[in-house]
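First, the structure itself, so that you have it in front of you.
We just call them A, B and C in the order they show up, numbering each chain from 1.
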Amino acid sequence: MPWWRKPGQPMKYRFAGPACLALIAIIGGAGFGAAAEFKPALVYDLGGKFDKSFNEGAFRGAEKFRLETGIAAREFEIQNDAQREQALRRFARDGQTPVIAVGFSHSSALEKVARDFPGAQFAIVDTVVSAPNVQSIVFREHEGSYLVGMLAAMASKTAKIGFVGGMDIPLIRKFACGYRQGARAADPRIEIIENMTGTTGAAWSDPVKGGELARSQIDRGADVIYQAAGGTGIGVLRAAADAGKLGIGTDSNQNGLFPGRVLTSMLKRVDAAVYKGFSDARAGNWQAGTAALGLKEEGIGWALDDDNRALITPAMKAAADQAARDIISGKTAVHDYMSDGKCPPAGAPGG
Amino acid sequence: MVPALEFIGVTKRFGGVAACNGVSFQAAQGSIHGIIGENGAGKSTLMSILCGARRADAGHIRLDGRAVNFASPRGAIARGIGMVHQHFMLIEAMSVLDNIMLGAEGGPLLAKGRAAARARLAALERDHGPAVDPDAIIADLPVGLRQRVEILKALIRGARILVLDEPTAVLTPNETAELFKLMRRLRDGGACILFITHKLGEALDVCGRVTVMRRGGIVGEFDTAQTSAARLAEAMIGRPVEAAANDRIRAPGAVILRARDVRVSDPSGAARVKGVSLDLREGEILGIAGVSGNGQSELLEALAGMRPIAAGTLAINGAAIDARARNPRAMRALGVMHVPEDRLKHGLVADFPASGSAMLGFHREARYGGALLDRAAIEADCAAKMARWDIRPPAPNLATRGFSGGNQQKLILAREIERDPLILLVGQPTRGVDIGAVEAAHARLLALRAAGKAILLISNELDEILALSDRILVMCGGRITGERSPGGTSARELGLLMAGAADTAA
Amino acid sequence: MSGPPAVWQAAGPVLAPLAVALAAISIIVAAAGENPAAALRTLAAGSLGSREGLAMTLFYTTDFIFAGLAVSVAFRAGLFNIGVEGQAMAAGIGIALAALYAGALPGALALPALALAGAAGGALWALVPAWLQARRGSHIVITTIMFNFIAGALLGFLLNGPLGAPGSMQPESPAFPAAAAMPRLDDALRAMGMTPTDTPLNLCLPLALAAAFAAHVLFERTRLGYEMAVLGASPPAAAYAGISPARIMMLAMILSGILGSGLALNELTGAQNRLILEFTGGYGFVGIAIALTGRNRPAGIVLAALLFGALYQGGAELAFERPKITRDMIVLVQGLIVLMAGCFGARARSGEA
């Protein structure tokens, strides 16, 4: 007789047997059934899917896909680093494909899992993982940051603008660098105050500290502040709005958070990328390799809607549109911080 | 006449043990009624029932002939029961007035309540003699006055029955006399006072009648005019008391411990011992008398190595003890053992099994094991001590806090005395222990002296100092204010010295 | 020192929060519109009922044993070490430095060297607050909390700079050399021709159990353990007994830091094979709840760690299997368990009197 059938043993072992059966029943009978030949999945990063920013963009892309096709992606929000690999592996083993990992932190886990499941299709957002079955989706955030930097410089009355980053990592320095270049292009004498919230993941979810940093920048004269700080950025935008100054949102369109007090938002269309990833895969057009989405691919942009139309003068819009055309045509080259880990000090674009 | 207070068959059980078993007695208005008994006799339980903190399992209490059953201390206070605990329930940072009105502020705004309390305080002063300055801060008052504040607090709340729990334990003889004066005035004013004590002389002095309790029951009730301390003691412990015979014969031996101009400061830098010099000789008990808080404790701890000595010199058998050796571990190695004043704070670890407490300070010795502690050896050592010292229950694994005060104290005495001390420093050896344990402790200390050891004894109990010491030093304000021989002095004279009166003797 | 075996004495306080946790999960699951019974089955099956689930549970258990022991060894000496998290981070830095710069060591020596480097890092990080407490009277709760922040900042600085992988924009170190990988359960399974579990469960688990046994010996059988217990139970009694508080505090915190380094060893050499930010995952804080639940006894801590490991893994499984149960609910339940553990732990402590 197997050891776990012995009478009088502790409770938790006794229901392990039925529980195993239940597990099988759950997996077998779960609602991903007949119609769902196509089984996409999403693994969010630590920020969680309702971070009003990056992860939420991915969620919206999946929602759009669901509304159009009726196919719901399976989702998992990780709680710790050990779960990255566990989640990817789990979805791959369950036969989910494609599996989109949202966030650069998944890269090392994805490298391993992609190797173990060569038949599955994976994608990762915000970084490059080189594997024959991985599509890497990155954004040229410096281009969009350049445009909102121009707008910030033109909107500023004090000739001082601010930047609040989340965690101090190259990606965020890339935002700051593009912003700096754009602002200098619009006004060579502009002063830019830059702060990073922290050096750990907590820097993405500390709106209180974000607000403090923004208030300190406002005290020093800044009247437009660009946030690239995830959940922390909400505090930045609120502090700017409370002080009667302007904020600039990131990733999602955050103009509506404080209508009339958000100059614009640098759009990083994670939603479009996720939607496109699912749609392409469903249509059989999925491709490995790196897709760098910028202004040209409409993966990057800036938001203009009823909430901020009064803040953007025709001259500002014209200047931004012209700059966008120049970037797309290659006439203006915006330096990518991550290409060499440096940000050119001069104001001249591409200089 | 209907008694002001009557207990009728009051019984209270904790588990299977009856803490009070059918207790019945009466106390009249305008009397001071003593309740005496050893620790654990049931006095505290009885009083907690009277005060509404506990409810009796059977029996009841009558006030002025009417049965009462208090659900809470609040109910007891409303019916005129006033309790003065041994440990004061005063807020040190607040004034006398604010302490008195605490819990009876009379509304959210304090001004009205303050005025009313001030007026009542003045009335009490008129009736009962000198009160205390209503605006003094408690922390600034001496212990005797703090106790008076507690009594006034009870009176202002309309107490007609006043319970005083061991009120003299913390007082100097002179303060005790003041307290007794106040008690008599209150008695004459019609109050009924229950006086709980273990000092038989005081009970005989101030009480009209005395109820003796033992093991939860009443074993006798005596009219103080027609009894003696010996009879009360016999009733209390159930057998005749043998006071340890103290035959002070020998000529004093050689000086073992020599202290010169020792100064000790507390951690905040305040001087507590201000230049004490003494010689402790082999084969003598040197008693140090003093009101607590006058530097004796600090002196004892400094000699034991627990406190740094700011200035002065120490020598044992003529060899100077340098600062490096002034720590408890090194002092033990030199043969200086220490029975600390506060057994549960310093001498034992309440949460540990008795065996863990029984090796405290000596745990490094090889007898308790090599690289790893030998649990069997530790328990056997403790069991042997328990057998030799009649420590009950003889259970080395029982938590230290589970033993009575007397047995805890015996555990410490066993631990320190069995290490064959050259010098034994003893603080309050019998505080809060029963008479049996007092006898045992005194006998052991005298035996140790007879064996030629040097003993330094600090006690707040003058009787103890007088009974045991070969010489007596009195400390006040951090200084030695006098030296007496036990045969040539009295408690009264020592009391004056303790209170700081100039030493007029040669 | 007496009574029934420590395991059974410890089981009670573990089972009580477990019952409360299961009840809380049921209520939350029902509120989310799922079937509580099915969810509990998922929880049990996901954490204990499959090879993968059990292995993941034991992987978390390893972290929790180390964290719980680290908290308890300090707590024995009366020190509330909130800084296991930071000490594990410092240990991780030590491990990474050894792995990346001393990689030339022969295979058999590499892992012990890594473990020693981690232990040194953890001990050093614990020693500074201990020294501040012992010599300056700075409260160890405050200093250890602050040292968590400093460790986090130091880790961030190192990973964004000197220790960062060149060319990676992620704040992480380059991958450790192969010799720095702790042998995994999967390696053994593969060698025996069995299906691997695809989990990072590794040799750190027996190491954690050995640490628990060593802690038991320390607490119950050594003079150092006795002196720690005296200081923890009654500082005045320790002063009376001639036990140097400074010495005991520093030793206890060094041991605490060394035990905390086990968490880093498990995560870095067992799972991540590189130094990353936040590899500690808050387990250092969970260690406080585990020490409380386990009543500061090594046997109890092992049981409590298993409970928390199962709830972590089972919680993840719930989120996988039951889309309506979000991560936030799992976090809520975990928080409740920590709270319950605190309550029951405190009750157990006061009940000992």
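The rule we apply is simple: contacts are C-beta pairs under 8 Å (C-beta built on N, C-alpha and C of every residue); 3 or more make two chains touch, one makes a residue touch a chain.
This one's a predicted model, so the numbers in the text were calculated from it and none came from an experiment.
Colleague: Give the chain pair that accounts for the most C-beta pairs in contact.
Modeller: Max contact pairs: A-C.
Colleague: Indicate, using Cα centroids, the chain positioned nearest the centre of all protein chains shown.
Modeller: C
Colleague: Please report how many Å separate the Cα centroid of chain A from that of chain C, as a whole number.
Modeller: 32
Colleague: Between chain A and chain B, what's the gap in Å when you average each chain's C-alpha atoms?
Modeller: Whole-Å distance between the two chain centres: 72.
Colleague: Could you tell me the distance, in whole angstrom, between the mean C-alpha positions of chain B and chain C?
Modeller: The separation of the two C-alpha centroids amounts to 48 Å.
Colleague: Touching residues of chain A toward chain C in the complex: what are they?
Modeller: 12, 15-16, 18-20, 22-23, 26-27, 30, 46, 48, 72, 74-83, 85-87, 89-90, 93, 104-105, 107-108, 116, 127, 167-171, 198-202, 338
Colleague: With touch defined as at the start, can you tell me which chain C residues reach chain A in the complex?
Modeller: 38, 41-42, 44-46, 48-50, 56, 59-60, 152-153, 155-157, 160, 168-172, 175, 198-200, 267, 271-272, 274, 276-279, 281-282, 312, 315-316, 319-321, 323, 326-328, 330-331
Colleague: Applying the document's contact rule, which stretches of chain B touch chain C when the two form their complex?
Modeller: Counting only chain B, the residues touching chain C are 304-306, 327-332, 338, 340, 342, 345-353, 355-356, 360-361, 363-364, 371-373, 375, 397, 399, 401.
Colleague: Which residues of chain C touch chain B in their complex?
Modeller: 1-2, 217, 220-223, 226-227, 229-230, 233-234, 236-237, 239-242, 352-353
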